[in-house]
Every structure is written in C-alpha cells, then in structure tokens.
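One structure coming up, written as structure tokens, with questions to follow.
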C-alpha cells in the first residue's frame, strides 16, 4: 500500500482546461448531507405537532414513548435489511428468523427459566447460523438473494413449527419484561429497548460508514465486479451482511418477545415484517439497486410509520383503512425521495 | 528515460513477459501460443482486427482470465494470479476500456476501494483524512483537477480513465495495461492521456496499450505487436515502424489507405432541418440543415453536447424549444418509434448500454430496430424472416460469428458494432445519425464502414456523423459543424476541412489551441 | 357407555391453523377421547390461517379415506365445497368452535350459546367498570364470523341491559399479538375515557391486557374477552382481567371425538339427545350441539385450568 | 474475418425454443414424480377424473404465475397479485350480491378491475419512477384495505352453481374447466412471449431497458401493459378461486404471492428479467402442484410440504447454476450485471 507516487517534479497543474471536469468547487454541492434523514425527521415531527395540536393525548409523553417503543423491533430488522440491500441483495427471511428466535428463547424461558444472558446467546447463535446460511447460498451458490431468502423463508418458518410443535409463548420472566418495557433508571426515563436500538443504530452506522467491512458492502453494491477486481473479499462481505441481518433479526425477535411477552408460530411472518422492513429501509434512503445505505434513515423510517399509524387512530380513520394509509405513506415517502435522487 | 526504478529498494524493473499463452472458449481458440515481452520504460502497443484476441491477452496478463497454458514472468520470476487483485499485488494493473468505478462512492474512495487506509488501535476505522490526502496527491501528480469528494458518477469517461491510472499508482503497480482507452476520448483528451502515459513511461513504468487508431499508435508506441486470429504475427520496435506493413499484417492482405475523398453527392434538398433546438443547461439555439446525400460531421469535445443534441432529435431526451423537420415533416413532437418509421435512425455511441442487447442473438438484435417489420399476422413474428434478415446482415457487414443465433455477448466489440450498424441500416432510412460509428472497430472494418457510409450517401441518404476522431471526420465529411458547450460555434466545408482547422474551430473557444499542435 | 367402538376408525381434527394454544387444548382433549373410542387420531392443519390451506388438507384427507373430519373453519363459506365433497363420499363432517355452512357438515359443536357469551362479556365489564362504562372493542378481523356473532350478541345485550354503556371504538388486531398490542395501546391513548375493553379473540385479549399494564392503567381499565387461561393467567392475577368467559376447551375436544365416533356409527340424530361418556348428555338441534354455558375464569378459579 | 461469413439462415436451438434443457429437466422430474406418486401413494390416483381434479387445487396459482411471468420478464415484480386477486373477487361478488347483476357479467367486471389495478401499478412504476418492489408492496396494502372495506363483515357467498362449475366442474365430468382455462391461457401466453412482437419487446426491456428505449420501444407503455396483464391474470385467478370456494374473502389471495414467485423462478425465469419461457413456468406449476397435493395425500403436514417446496426451490436454482457451468463467483457477475456493465471487449 505504500505506493511510491510519481516524483512531484513532473507535475503540471491545470493541464486540463477546456475539458469539463468535476471541479473541486463542486464538492460542497455534491457531498450531499443526509437529506433523507432530515426530511424524514421533519415530516415525523410535523405530523406529531399537527395531530398533537388537535389532540393533546397524541403529544403526551406517554404516547411519544410508545410510538418510539413500537418501532424498535421493525427498526432492528430494517437496520439488518439496510446492510443487505446495500450489497444489492434482499433478505426476506428476517421475519421467520425473528419468529424462531422469539419462539425458542420464549419457550425456554417459560419452561426452563432460561436466564436473559442465555437468551442473548441463543439469539446470537440462531441469527449467526441462519444468516450465514443465507449468505452462503447467495455468495457461494450464486442464487439470487430474493430467491435464496424466499426459500429459506419457508424453511425457517418450518423450523418454528418443528421446534414449538404448535405451542405458543404466553408470558416471560421478569427480567425479559424489564428488557422489553423497563426504563434505564428513574432519573433517566429512557426505555431500555430504545437504548438497545440506539446502541445498535450507532453500531450499524459506524460499521457501514467507517469500517472497511461497511465500505466493502457499499462497494459490492455499487459494482460487484469492480469490487472483486479491487481485492474486496466479496464472498466474505456478502456472507457478513446476511449474517449481520440474521443476528439483528434474532435480536429483534428477543426484543419482540420481551416487549409483547408472547410468541406464536406466526410471529413475524404473520405481520409480514419482512416486507415492512424492506419498505422501511427504502424509505430511509437505502437504494434498492444497492450501493447506498442509510442506517439513521432506516430507524427514522420506522419511526415515521409508527407515528403515522398511531396518528390514523387518533384522527379516527376507520381501522379498515390503516393498511391503505401505510401503503400510501410508503409510496409517498419513497417517491418523494426518488424525485430528489433523480438526475 | 530512467529505465530503472528502485524506489522500493528492490530490483524491480517491471520486465513483464507472457510466453506461449493459449486460451480457448469451448471449441473456439482465441489465443494460440502468444509470446510478448513488455519492457520497462516503453509503451508496447497491441494491434489487430476485431476479435484478434487483444483484450483476451490483456485479461490473461492481468488476472481476469486464466489461460489454458502458458507462462507469465515478471523480471524472470514466474508469476501466476487468480484475480486482478493478485495481479495488482504483483504490480500489474489493467485499465479497462470502460472503467469500473463505484458511482455512489466518492472519487477518493473509489480509488482506494479494497485498500482503505485505517486508523485507531481498539477499533479500526477508515482514515478518511489520509485517504483524501493521498488521493489528492495521486491526482495532483497526474495533473488532474478532479474533486476527490465528488461522487464518482459525475466523472466523464476520460476522467474515469485517469482516475484508474491514479489507482494503479496508488497500488504501486509498475506494469499498466490500457485496453483501448482512447476510443471514447476526443483528440484533445487523447493527448492528455498520452501525456500521462509518457510521463509514466519516463518514470520507468511498463506500459501496454491497445488501439485501432493508426496515427495514435505510431505516435505513442515504442513497440508494436500485431495479433491476427490469436497468433502474434509480428513484433517491431519503434525504428522499424511501417504503416503499410502493419496494416497488411493485421488484415492479412494488402491495405490501401484512402485519403480524403474528392467527390461529393451532397444535394441541396434538405432532409433534416434542426432549428433553434434548445434544452436548458445542455444545449441551446442549435440550428443546422442536413441535405440528401450529404455527410455532415459534428465535431466537439466530450461533453460538448453532441450526443445530447442527437438524442433530443431522436426523442430520447426532451427539448424545451426549437423544431426538427424530417423531409419537410415536423418530427420534434413525435415519439422515437414514429421517428424511426419516418425514416430517421440513430446509432448510439455507447454500444453495450444503448446499442445492443448482449444477451440476445444477432438476428434478434438486427430486427430490434423495428420489430414490426417481421410482423407476420395477429401481431406474431415471422421467425424465418427474422433469420433471413439476420443472415443478410451478417453477410453484408461481414460479421465474424458462428451463426445468427449466437448471442452478441460472444462477439468481439467490433463485430458487435457491425451488428448494431446493420440493425439500423437494414431499415433503409433517409437520414442516419451515427454517433461514433467506428468506436472500437478495427482498421479493416473501419474502412468498410466508411465505404458503406459513402455508399449510403451515394444512395441519397443524409448522414450526420458524430465523431471524436479527427481523421474520421476529415475522411468522411462534406461539411463539419463544431459544437462547443451546447452551441454551434463554427462550420467548415470542402477544402477548409483539415484536422487543424476543425480542432481550432472549437478549441479556440476553449482557449488552449496550442495543445492540439502535435 | 354403550358406544360401539369395535371398528377402528380414522378421524382428523383440522384447526384454523396449527400452532395456536386455543386449538391445542382441543387437541389435548380429543387425543384422550380418541384413545377411549378406538380412533386413529390425526391433528393437522395449515400453517397460516387460510381457507386454501384447510381445503388442501381436507382434500388430502378425502383421498386418504378418513372416516370423519372435524374442523373449526377460517371461513364458513369458503370451506363448504370441499366439505360437501367429503360428505358426498360418506365422510362425516363435524365442525366445532367456528361453524361452516350448514349443509357442509353433519354436526356443529357450538362452544357456548352466542347470546349467553355476549351477556357474559358485557357483565364482566359492567361489574367492574360500571353500567356507564365507555367500552372499546378489540376484535381479530372485520370479517371473523364467530367474533362478529359475539359482538352482535353483546351489543344487543348491552343496549337492552345497560343503555348508558357506550362503545367508543372498534379496532382490529388481526389475531397478531404485536398488532393487537399496538391496537390496544392506541385505543387507550386515543380514547382516554375508555374504562373497559372487550377483546373476544385470544391475541386481542392478551394485547389489550398488556396495553393496560404497560400504560399503568391497571384498576382503571378492565379487560375481558376470550382467551385460554394460560395466555391470560398473569393478567387475571394482576387484576387487569377480572373475569374472562370461555368454555372448557379440553372437554370440548373430547366431545368433538364423541360426536365424530357417534356420527360414523350413525348413532346420533340431527335432532335429539345423546350421551357422550363422562361428559354427560347433550342435545342436538338441527345438527347444532351447544357444548356448555360460558365458563368464567377469575382469579379464584383460573389455576384449575391448565391449557 | 471472412470464412465464418457464409452463415445460413438456419438457426439452432435458440434460447427461447419451447423446451430448453431446464424445461426438459423439470418435465422429466414431473413425470417421475407423478409416476412415483401414483405408484407409491394410495389415494393419489382415484381414477382419471379424480386425478385431473387434483389440479383444481393449484391451477389458480398457475394463472397468476403466467401474468407474473410477464412482469418478471420485464425485470420488475408484482407483489400485489394476491391483493389484486382478492379485490377483484370481492368486486365481482359485491356487484352480484349488491347490484344483482349477472354473475358472469360481474366476473367480467372483476377481471377488468384486476386489469385496472394492474394499470395503477404500472402507472405508479412508470410515471413516478418507483421501484416495482416497493410500488406493488404499497399498492398491495392499499388494495387489501379496499377489499376489506368493500367486503364488510359478511362477504357474499353462495354463487350460482353454473358459476361455481368454473372452479370445480369438469368438461364431460372428466376434464376440469380449470384445466381448459389454464391450457388456453398458457397457450396464449406462450405465443405472446415467444412469438409476438409485444413479447419480444418485453424481453428486450428485461434484458436492457436502455437499449430498448434507443430502439424506439415505448418502454413505459409496454411495462405498464405487463402490469395490466399481471393484474388481469390475478383478477381471473380471483374469480376462479371465488368459483372454487363459492365464496370470497378479502384475504383469499394472500397465499398466492410467495407460491407464484416460487413457481415462476423454478420455471426458469430470471428474476432480473429477459430470460425465461412460458413452458418452463407451466411445467413448474404442475410440478409444484402435483408435489404439494401428493405430499399432503401421502400424509405430510402442510408445514413439511411448505418447507420442502422451499428446499426444492433452493436446490433447483443451485443445480441450475452448477449445471450452467457457472458455479461460484462468475455466475453472480453474469447474473447480477445489468447488460451495460459487462465489458464486452
């Protein structure tokens, strides 16, 4: 890497006049700040203020608290999804990975009193194994990601059945409930799940933005052949992205279990969390064609949806139209962004 | 010329040899026992017809393709690599014809992809400051004024190639292979690239180069090797360069070079009239008339907007103002397919992206310009007719292929270009816009295409040629219109058309005429 | 009992979907009874609550020549054609819990009388939240048959008995624990005056109770609904759910097997009385057999029921 | 550069010749599977008519798959097929029960409604330049809501028997009407994709949108039509399902989506567009259908069957990659590269 550059003596600056070049002065304009996150935050806050103006309950601390809590699980999934989509992949299997983790840890906690630390270990193991399987299928067997994860979606969903034999989790030990519902301390009434999310967000943001692994993810998403030619370990990086997505989905499963105190065979898949997480990642500004990923955007996207869906209840939209509202918001959010990105 | 360079404290000289390289794809033998020797401090050019195996040889030498047999040695040490990255580690770098940058990443990061500098003890994070500094330094060294923070997608092809050069330097590569770098460049940009290459050569780097442009080759090369059908037919040093001999070796027969023709079939009947065509920020007030039988050239720098003007005429891009008339009929509000039916065709410059569908067969590509012409009944196609049209085209344009059902991907660049050309000419247009019609086409085929263009003109077809090859414009055109920053700035015709005057006509606006003097 | 069990028969139990506790409790009872009744018992169903999945299962059971199919339906009408086909081939069809179209089954075992269940739901709110309570309903989906029957029944009873009681909103949890919880939270946040939630669906009742707990409204908002005791035990104990009506699902499962056995034996009439072993005697009316009066769970009795 | 020029018009097997290697392998597999099931699973072959009647359980998936294939060939995807099927069926049922118009007329309107929903998808995708994945995901939520709203708390049911025969009746009591319908549809799609000018345009767009545009193809119009076709087929499937169940439900199409994507991909259609044949898809419809019915009759649970389908999908595509001689990294490059990025020189 310590390349000897040409000796400075031959430098002839300014030799390129007349040829249109990306001038240095263009930098400021093009080095786009995170416009998407700012816009999402602005729209979310605007929604809160607008609905809050007519209905004070909406702006109550408690409601804000729960809107935040509600988006934690989806945010975790979307963060993993962001990493995968940035490689130009997609991970449909996050929903059954979430469900399987919630089921396995839930049943063990319910029956054998699995300590929380053990649950974290098991979640990690499930996420690692299932995520890595996805990654290997994509990277080694060259099965297109959407097909790979469609296949493992069925397989992993089946595992939930095999493991649970159709039973469900109805309650969790106290430690879990605290993880899902507690606050950090009375002085600092920050919900623990939000803290967990914040830590994960910071981690993903750092990895994607400031580590070789993260940059390799983006490079592969930009141009896989060029990335390979440049010596990026394409297979390992891809596997890494899917593994990370698996682990985050498993963590989401544990958070889901802790928060709701329940797990059934259709947890995750029943709510189509895989599709939701993709939508949220894209709303957040990650490019479906890969090469661009936005961790903060993903979380803000999930928060945005959470706020919108709660707002629909507050403004008395009939429940039948909630999912239409969600669809519309996805469309608006993604399209509004596409316009900005387009040349 | 400092041939020896030992900045790394080793006796690295960069004498890169390939011996007895063979490579075949299935039953097709592409390289048949080729041996070449690249010496440090010299620029070694590969010439040869389309499909001769030049790119394949470079791919073998840079780790993209594995040879079936043969040996690679660097400074008499045997080397082998399984990937371009391993080749880089050995100091060998291929600048591909279409550089593969990372559109969404910054210029600096795209240069450092795969080897981002890191910092920090506990957690290793990317050291952006160092990265930018070193990227800046590398670009400065090559005299490039490119913003390292800008997204790479904003770079022109010429800039991308130069960034690739800088990448090679950053990776400490001493052997740099350029696969047809000049074909997407204008004369001016070619000169700038050559300046860079000369600079590298003088620093003792080992350079290899592919080009179909004879003048360029004679100008820049220290050694020339000629490939034909996967065999190295000759390898000569600078002193022995002989244009005619090179040509005949390449083609395997006598070649005559035709000078600027004296005749013209231009009439004064307007075929295509463009008036005040404009699009905010791209081009403005473009007016010209193209007559039946006339060959009109559009000259200019890359980014001058010639392609954009052509695409606007062909309704591929919107325009804000002005009109286009084809044979007396307004076409400026028609969609592309209507325009094609009215007799105007446009062969785009970017073959792989716009001109051809690489996964489809030759026959399918040929008919793709107007599929309706193979309509049978009930909206169904007549496949036999399609095959016939495909076979005709293959024969007429001498496409080197195994059959009309071969996919285009399997053809060499030049042969692909012939298919694209055949696709449009098969429609018997009255006006044809040809954007860089011979990009990546070898000398033999080039001459054929020139003759073909001329025969079209003789048939009364009006032809607009957009080209960045001065020779080509001078060779072909009855009249030349120069474009600078989206405006028409000059018009030359008849004997006024000389390379110097054409170049001056647009460069006078750019203010560096002296650069073209060479 | 004088039931003829000499011939071994094959009976399948097809729930709305496998993997919900409610149906597992039925299975538990059915398995016990099957042993006693010389029945080859198969518990099988679709992975998701879909009629298509159930129909696929029915078709395979028909092909495998089962003697009787027992089922609780995802949709009364969608399942009918397949079950009619089964009946045409001499297979006895017994529905339980959630009925199918009347001509597509031989017998239907109704959990409890709809009116009685509606009454029980309203009473368990009225007793604690008072006769002027503002009530929210949290159901599963807008077209869930049995939930709609109960909601209709409870509305009728409410208007008649507690005219001052008011239903302020009806929301849906899609039978999903997470969506039910979110819906529960939203109900309570958006309607601060709600003092009772009737959630006649397993996931919904749990979701509503969890929402009350999370918002710290225990003692101010009372939840009732319909769920198996395991799922709501903790909320019954913490006082969020004071009373929750259900029926003994294990025993119901046993009855299903008895009816299947009797039907295959042709020993039961569409109108008339019959005896089902220890379960006692029941009355069929137009093929409908009401299993029991609502069984009200409360803090005192819930630990007697483990399902 | 001469020599190879004496090219005759005769072409060998083209990439879209009716039965390529992949299709033949699938067909062989289908034959083995069917014979194996008939021989090994009692009840799988209850007589010829009964055997054919098995197809009634899965052919609606086939109808959707045909339409979805058209969309996937353009390089897009339609996640709204399930919701579209549900909504179309509800529209039909509500017209019939609410306005008392003839069920067949209502069915026609239902199919047209499907086409309109597809049109909305197409317009959103082409006009707003929204990714097909996200656009159709969003519309699937919206269509689902509309269907739920229209259906109310008791969706109509009990259609006339003459109509129900579309789903469960058989021609001459032997060949189910569904088979006839599917056969006609498959034939039409086969012609459409491999023989028609429209189909050629679809494939050009799927391989290289830009080149298609530069060839004068009105890309937006063709892409929109593909979504309309997908909507029509989803609508048709919804109607057939309604006849099959003699009932409708807003979520009745939910199962369609993942299964049909599986079918299309197993049939050899490239998820990136361009590549694929209708014959492959038709064989995949039969293969997965027979497999599922066979496994269920053999006593496997729904869950095991679903898992096996997933495993087969993965294995099939993996085998396909290996057989294409492109295992490892290279295939990915080939498969993932949109045309323009491959350096051809």
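As written, the chain order gives the labels A, B, C and D, with residue 1 at the start of each chain.
Please note the rule applied: contacts are C-beta pairs under 8 Å (C-beta built on N, C-alpha and C of every residue); 3 or more make two chains touch, one makes a residue touch a chain.
Being a predicted model, the structure only gives us computed values, none of them experimental.
**Student:** By the touch criterion stated at the start, how many steps lie between chain C and chain D on the shortest route?
**Tutor:** When the steps are counted carefully, the minimum from chain C to chain D is 1.
**Student:** Any chains in contact with both chain B and chain D?
**Tutor:** A
**Student:** With chain centres defined as C-alpha means, what is the inter-centre distance between chain A and chain B in Å?
**Tutor:** That pair's centroid distance is 42 Å.
**Student:** Report the inter-centroid distance (CA atoms only) between chain A and chain D in whole Å.
**Tutor:** For chain A versus chain D, the centre distance works out to 30 Å.
**Student:** Provide the C-alpha centroid distance between chain B and chain C, rounded to the nearest whole angstrom.
**Tutor:** The mean C-alpha positions of chain B and chain C differ by 73 Å.
**Student:** So, what's the distance in Å between the C-alpha centres of chain C and chain A?
**Tutor:** 37
**Student:** Would you mind listing the residues of chain A that make contact with two or more other chains?
**Tutor:** Correct list: 157, 161, 223, 225, 228, 320.
**Student:** Quick check on chain B: which residues sit in contact with 2+ other chains?
**Tutor:** 100 - these are the residues of chain B that touch more than one other chain.
**Student:** Show the residues in chain C shared as contacts by 2 or more other chains, in ascending order.
**Tutor:** In chain C, residues 18, 47-48, 142 touch at least two other chains, as defined above.
**Student:** Mind listing the chain C positions that touch chain A in their complex?
**Tutor:** Going through chain C, the ones touching chain A are 17-21, 23-24, 47-49, 142, 169-172, 174-179, 181-183, 185-187, 189-190, 192, 203, 206-207, 210, 214-215, 230-234.
**Student:** Can you tell me which positions in chain D touch chain C when the two form their complex?
**Tutor:** It comes out as residues 42-44, 46, 54, 57, 148, 151-155, 157-158, 164, 167-168, 241, 244-247, 249-252, 254-255, 292-293, 296-297, 299, 301-303, 306.
**Student:** In the complex formed with chain A, which residues of chain D make contact?
**Tutor:** 79, 124, 128-131, 133-135, 137-142, 144-146, 148-149, 258, 261-262, 265, 271-272, 303-304, 306-307, 309-311, 313-314, 317-318, 321-322, 326-329, 331-333, 335-337, 341
**Student:** List the residues on chain A that touch chain D in their complex, please.
**Tutor:** Per the touch definition, chain A meets chain D at residues 88, 137, 139-144, 146-148, 150-155, 157-158, 161-162, 223-225, 228, 234-235, 275, 278-279, 282, 288, 318, 320-328, 330-331, 334-335, 338-339, 342.
**Student:** Enumerate the contact residues on chain B facing chain D in the complex.
**Tutor:** 49-51, 55, 96-98, 100, 179-180, 251, 316, 335-337, 339-340, 346, 348, 350-361, 363-364, 368-372, 374-375, 379-381, 383-384, 387-388, 390-391, 394-395, 398-405, 407-409, 411-413, 416, 423, 440, 444-445
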